[in-house]
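Here subunit A shows up in two complexes: once beside subunit B, once beside subunit C.
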Partner chain A sequence: MIAELGHFALALAAAVALVQAVVPMLGAARGDGAMMAAAAPAALVQFGVLGIAFAALMHAYITSDFSVLNVIENSHSLKPLLYKVAGTWGNHEGSLLLWVTVLALFGALVAVFGRNLPPSLKARTLSVQALITLGFLVFMLLTSNPFARVFPPPIEGTDLNPLLQDPGLAFHPPMLYVGYVGLSISFSFAVAALIEGKVDAAWARWVRPWTLLAWTFLTAGIALGSWWAYYELGWGGFWYWDPVENASFMPWLAATALLHSAIVVEKRDTLKSWTILLAIIAFGLSLIGTFLVRSGVLTSVHAFASDPDRGIFILLLLVVAIGGSLGLYAWRAPGLQGGGLFRPVSREGALVLNNLLLSAAAATVFVGTLYPLFLEVLTDDKISVGPPYFNLTFTPIMGVLVIALGVGAMLPWKRGDLGAVTRRLTVACVVTAVLMGLAALLYWQRSALAVAGLGMAAWLAAATLTQLWQRVRPTARIGVGEGVRRMAGLPRAAWGMTLAHLGVAVIVAGATGASLLTQETISSGGPGDRFTVGDYAFTLESVDRVAGPNYAAERGTFRVTDAETGDEIATLHGERRRYVAGGQETTEAGIRSDLGGDLYAVLGQPTDDGGWTVRLYRKPLVPWLWIGSGLLVLGGLFSLSDRRLRVGAPRRSGTRAGGVARTQPAE
Partner chain B sequence: MAASGGRGLSPARRRKRTRLYLVLGGLAFLALAVGLVLAGFRDNIVFFFGPSEVAAGKVDPGRTFRLGGLVKDGSLARPGGTDGAVLFTVTDNAAEVRVRFAGLLPDLFREGQGIVALGALDGEGLFVADEVLAKHDENYMPAEAVEAMKRAGTWQHGEGGPGTAEPGYAPEGQ
Partner chain C sequence: MIRSLLLALAVVVAALPALAVQPDEMLDDPALERRAREISQDVRCLVCQNQSIDESNADLARDLRVLVRERVKQGDTNQEVRDYLVARYGDYVLLKPPFGLSTLLLWASPALLLLVGALAVFLWFRGRGRASATQAGGAEAALSAEERRRLDRLLAGEDGPEDDGSGRDPGDRRA
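Coming up: the complex of A and B.
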């Protein structure tokens, strides 16, 4: 009964979406206030109805209702509660339901927090949002009903893929979706602004918090996914340039660029049509990502099922949404008036450079991800593009970005003086040189590139801190104590920027350590055998059989000591689990983390001579990846909490004329 | 030069000049990106071959490629040893290639299952793999393994490839 209720709620949501898409848009065109006002309540009803549908599916999972096909295929009564809940979105139909629910959530948030928006902009934005929702709801109702029943119901389900039974992955999809789908709001705002034919500082001020919110969640979602891959897959890598990873990374790059260009629109009233284009591209890349992952053209852990009809439908949605919005852009964008002027060497110029580099980086990832697909369609050649391609194309672009970022953030608006900025960065240069010297002493033998990577990280961190310090203490006349006191008075957005840029520096250091300085040993042996990895000695103490709630495991206990002195450092447990329901095996790595890096031990398959394969790593600086990602997220949250950027609440001018809220231009 | 020359210009001219910088900058980066992409593609594209194509001598020793197919039943040997390498045979039901791999096999690696391996042939026809991938979802076959059998003409519809599996549940899975 509850499943039918969920199905009915989906159909109802589609009807509401149709109304929300058509009525406010017509109202805005005719200047009919009542029709425009229908948008907000419709958005709230939409979210309520989809919330019911989502709750109905979750209910089926929690109660293990095996008369629902989706639950049979992805759940098992012995599964821990957390994974029963996570199972709701751990499959094709459920994840689409989460997609549309998040779409509706953002619509509802705009309806609630967007009270100060001009009615026509609000109506059009919500109408565009409803159009996207409608497309996905029709897709679900026609091809992917999550509530399909089976008769007779089986006694037990086939279980969720055990790789997905992990706390990191339980929360990875919702985070990622809030980010992915959150970009829809920037898209809807951009399309609405194109229809209105007006983009100004106020528009940028409304859009930026939504972009920031989406970006923050997208960052957290990608970081969680990367963390999961690192400790769960047992291969010791944090990023594989897998097409599915790229699918989430491209929108992130575009959203990062959008975040920065929206600042220019807000402060300087220029780069408007570029910003609109970026908003369209960012969400377009989200849609392409969804297509790649959901259509089954890629085979990976994320591609739950492959059905050609679904692929064609999503492709159609993609063509209509991206083609339509780009067409609208080509038609309307030339009418947008450009604003403030600036010199190439200025804050605006630096932000343009940021945008160019991020776009170029996104483009190389895009080509590397989609070229094999195109080639396979056009010819019969099956090729793959692996990490070496991305290392050669993406990494140098990001290197330039990191170096330029240190200087760019110091430049003033309109017109800057490169010489003066360089002088102010003298201390940062010296700090970088000293740290690079230290890194060279330690690592030159192992990897000269690693020294360069660590140097870049040091440079960015030093330059970012210099920028913060000179902001509170622009001249030597201000005392050090006064400078520290002034820090508390800085706008939260300034702290957000500092934290995020520091986060990038920390991630660069972590990625350098993880990819260039890792030491690994693959070997085999039995209890009592000793393996050396760099300065560490791993001894396999024992291999025991242990039982978990829905799996049985072999657990290898490794004792790690200093290779020279023999001092005890850690004891690691690496497991091979075999799940009862599906018979799948997974590897659980034994990891010991501290600030300097990780020790990582994996117990492999048994060998014919009675031992086991083992894979052991020393991975310097890996935790920095997660710390840096945390700083990025924290920076995003700090910026969001800035009074000037309070979600959807631009400063009012105090008077309302003709029902139109006036907003102050950006200072 | 722009700093001194731009001061006397009208706003419209200055706007045009700003736009010119933007376009030139954009083109420069486009050229940079295209150059990097081309350089990346020249050296780092990996082609796919099935066992029959390898047997027919289509791949030279030392060239990196992806090999796909089924792991032959009973072919897996784990001699142990210092690098813990395993040996197994990949087949498309027409031809076979022996594979050596030092590393951890993926969790879903089984005899009779489809896999994809990245590596190169040594002089004696042994495929030395750097990486072995099995499809994460064991209900389906990696597309490459299906492709290998299609190329060898041994693919039978309904063997469980992508898109052919019935959307039902598996009662024998308990």
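Coming up: the complex of A and C.
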């Protein structure tokens, strides 16, 4: 019954979406206030109805309703509650339902918080949003119904892939989707602005918080996924350049560029047409990502061709949404007037460079991800594009970006003096040189590239802090104490920028440590055996059998000591789990983190002579990856809470705006 | 029903992992072993999704790892090992695609994209320089009077456009 309610709610949502797509758009064209006003309530109803559908599916999972095909294929009655809940979106149909629910959520948020948007812009934005929702709802109803029933129902389900039964991955998809799908709002705003034929600083102010919100969640989602891969997949990598990862990374790069170009539109009233294009591209990449992941085209071009219904439908959606919006862009964008002028060497110029590099990076990931597909379709040649390609192409582009970022953020608007900025960065240069020297002493033997990577991180951090300091203390006449006091008065957006740029520096350091400075020992042995990894000695103390709720495990206990002094450092537990339902095995690494890095121990297969394979690692600076990601997210939240960005929020109820507290900057 | 049974069976069969490189596969000579690892990190596990044989648990990956080590032990250079693998499995086996006619666009595109982008930016700057010379000061006049009023209303009490944190906002107190 509840499953049927969910199915019915989906159909109802499609009807509402149709109304929301057509009526406000017509109203805006005719200048009919009543028709335009239909958009907001429709968006709220839409979200309500989809919320019901989502709750219905979740109910089926929680109660292990094995008459629903989707639950049979992805759940098991013994599964812990958290993973029953997470199972709702851990599959094709469920994740699409999450997709449209988030789409509707953002529509509803604009309806609620966009009260002082011009009525026609609001109506058109919500109408475009509903069009996207409608496309996906029709897709679900025709090819991917999550509520399909089975008779007779089996007694037990086939379980969720145990690799996915993990707290990190339980929350990874919702985070990612809020980011991914949240970009739809920037897209809808962009298309609405193209229809209106008007893009101004006010438009940029309305769009920026939504982009920022989506970007913040996307960042958190990607970081969670990376963290999961790091501790769950058992060999401690954090980024694999897997097409599925790339699918979420491309929109992130585009959204990052969009965030920066929207600043230029807002402050200097120029780069409008480019910013609109970026908004379209960012969401277009989200759609392409969804297509890549959901159509099966990645596994093989032939798998796609053998079950083409879903793939072709999404492809069609893709062509209509991206092609349509780009067509509209080509038609309307030339009419947009550019405003404020600036010299190449200026803050605007630096942001243009940022956009150039980020776009090239996004395009490189795009080419690298899709090239094998196109090549296979066109010539039947099969090639692989793996990490070595991206290391040789993407990484240098980002390197240039990181170095330029240190200088660019210091440049004044309109017209800057490179010489003056360089002089202001003298201290940062010296700090960088000293830290690089230190890194060279420690790591030159192991990897010269790592010294360069750490140097870049040091440079960016030093330059970012210099920028912050000179902002509060532009001349020596201002005392140091006064400078510190002024920091509290800086706009939150300024803090947001500083935190985010520091986050990038910290991530660069972490990525360098994780990929270039890792030390490993792969060996075998039994309890009592001692293995050396760099400066550390791992002793396998014991291997015990332990039972989990839906798995049985072998747990290896490792004692880690300093290889020279013998001082006690940590005790790690690495597990090998075997899941009851499917018989799959997973490894749970034993990890001890501190600021310097991780100790990472994996218990492998039993060997013929009664011992076990062990994999032991020392991974310097890995926690910096997560700390840096945290700084990025924090920077996004800080910037989001800047009252400047809440112009789009209702004035009277400012405290509720975007769920962030209204703040009074200290005078 | 049959589909789910098959699915379950497939999962069971696929789930007998031997985590990546095993100690018993390793070569005694550390220098050779290091080279073998280096090679295997760039060799694709053919039955996996985007994993190298160095990372993969699949049986085929193990066979390839052993094969790589045999070749290395017999005195092949890294390139000879790769050539040998390509001769057997095609370019698909290399995670770093070889540079050739069919991958020309792949390898050239990052530089090409940057160049085209830089050119576009350059032309845009030049075009704007000309446009501004003909209609001096036209930039700020682009807003109509009505737009200007609306913008002023929205910006009322905001930081100045320079965003230097100096201007504080009276709008906050009014709220």
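Just so we're on the same page, the second predicted complex is superposed on the first by the 639 of 667 C-alpha atoms of A that agree within 3 Å, B and C clash if a C-alpha of one lies under 4 Å from a C-alpha of the other, contacts with A are read in each partner's own complex, and residues count from 1 in each chain.
One rule holds for everything that comes next: contacts are C-beta pairs under 8 Å (C-beta built on N, C-alpha and C of every residue); 3 or more make two chains touch, one makes a residue touch a chain.
Since the structure is predicted, the reported quantities are computational estimates derived from the model, not experimental observations.
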| item | value |
| --- | --- |
| Clash or fit, subunit B versus subunit C on superposed subunit A | clash |
| Touching partner for A:606 - first (subunit B), second (subunit C), both, neither | first |
| Touched partner set for A:129, first subunit B, second subunit C, both or neither | neither |
| First (subunit B), second (subunit C), both or neither touched by A:584 | both |
| Partner chain(s) touched by A:156 [first = subunit B, second = subunit C, both, neither] | first |
| Contacts of A:237 with subunit B and subunit C, given as first, second, both or neither | second |
| Which superposed partner A:273 touches (first subunit B, second subunit C, both, neither) | neither |
| Which of subunit B and subunit C A:381 touches, first, second, both or neither | both |
| Which superposed partner A:201 touches (first subunit B, second subunit C, both, neither) | second |
| Partner chain in contact with A:471 - subunit B first, subunit C second, else both or neither | second |
| Residues on subunit A lying within both footprints (that of subunit B and that of subunit C) | 72-73, 150, 154, 158, 234-235, 299, 338, 341, 344, 352, 356-357, 359-360, 363-364, 367-368, 371, 381-386, 388-389, 392-393, 397, 522-524, 582-585, 587, 602, 604-605, 607, 613, 615 |
| In the complex, subunit C residues that touch subunit A | 1, 4, 7-8, 11-12, 15-24, 26, 42, 44, 49-52, 55, 90-97, 102-103, 105-107, 109-110, 113-114, 117-118, 121, 125, 128, 132, 139-140, 142-143, 147, 150-151, 154-155, 158-159, 161-165, 168-169, 172, 175 |
| Complex interface listing, subunit A residues touching subunit C | 72-73, 150, 154, 158, 200-202, 205, 234-235, 237, 240-243, 267-270, 298-299, 337-341, 344, 352, 356-357, 359-360, 363-364, 367-368, 371, 375, 379, 381-389, 392-394, 397, 413, 471, 486, 489-491, 493-494, 522-524, 582-585, 587, 602, 604-605, 607, 613, 615, 643-644, 647, 651-652, 654, 662, 664-665, 667 |
| List of subunit B residues in touch with subunit A within their complex | 2-3, 6, 11, 14-15, 18-19, 21-22, 25-26, 29-30, 32-33, 36-37, 39-41, 43-48, 66, 77-84, 86, 102-105, 107-108, 118, 135-138, 140, 142-144, 147, 162-163, 167, 169-171, 173-174 |
| Subunit A residues within the subunit B interface of the complex | 69, 72-73, 150, 154, 156-159, 161, 163, 234-235, 296, 299-301, 303-308, 338, 341-344, 349, 352-353, 356-357, 359-360, 363-364, 367-368, 371, 381-386, 388-390, 392-393, 396-397, 415, 522-525, 581-587, 602, 604-609, 611, 613-615 |
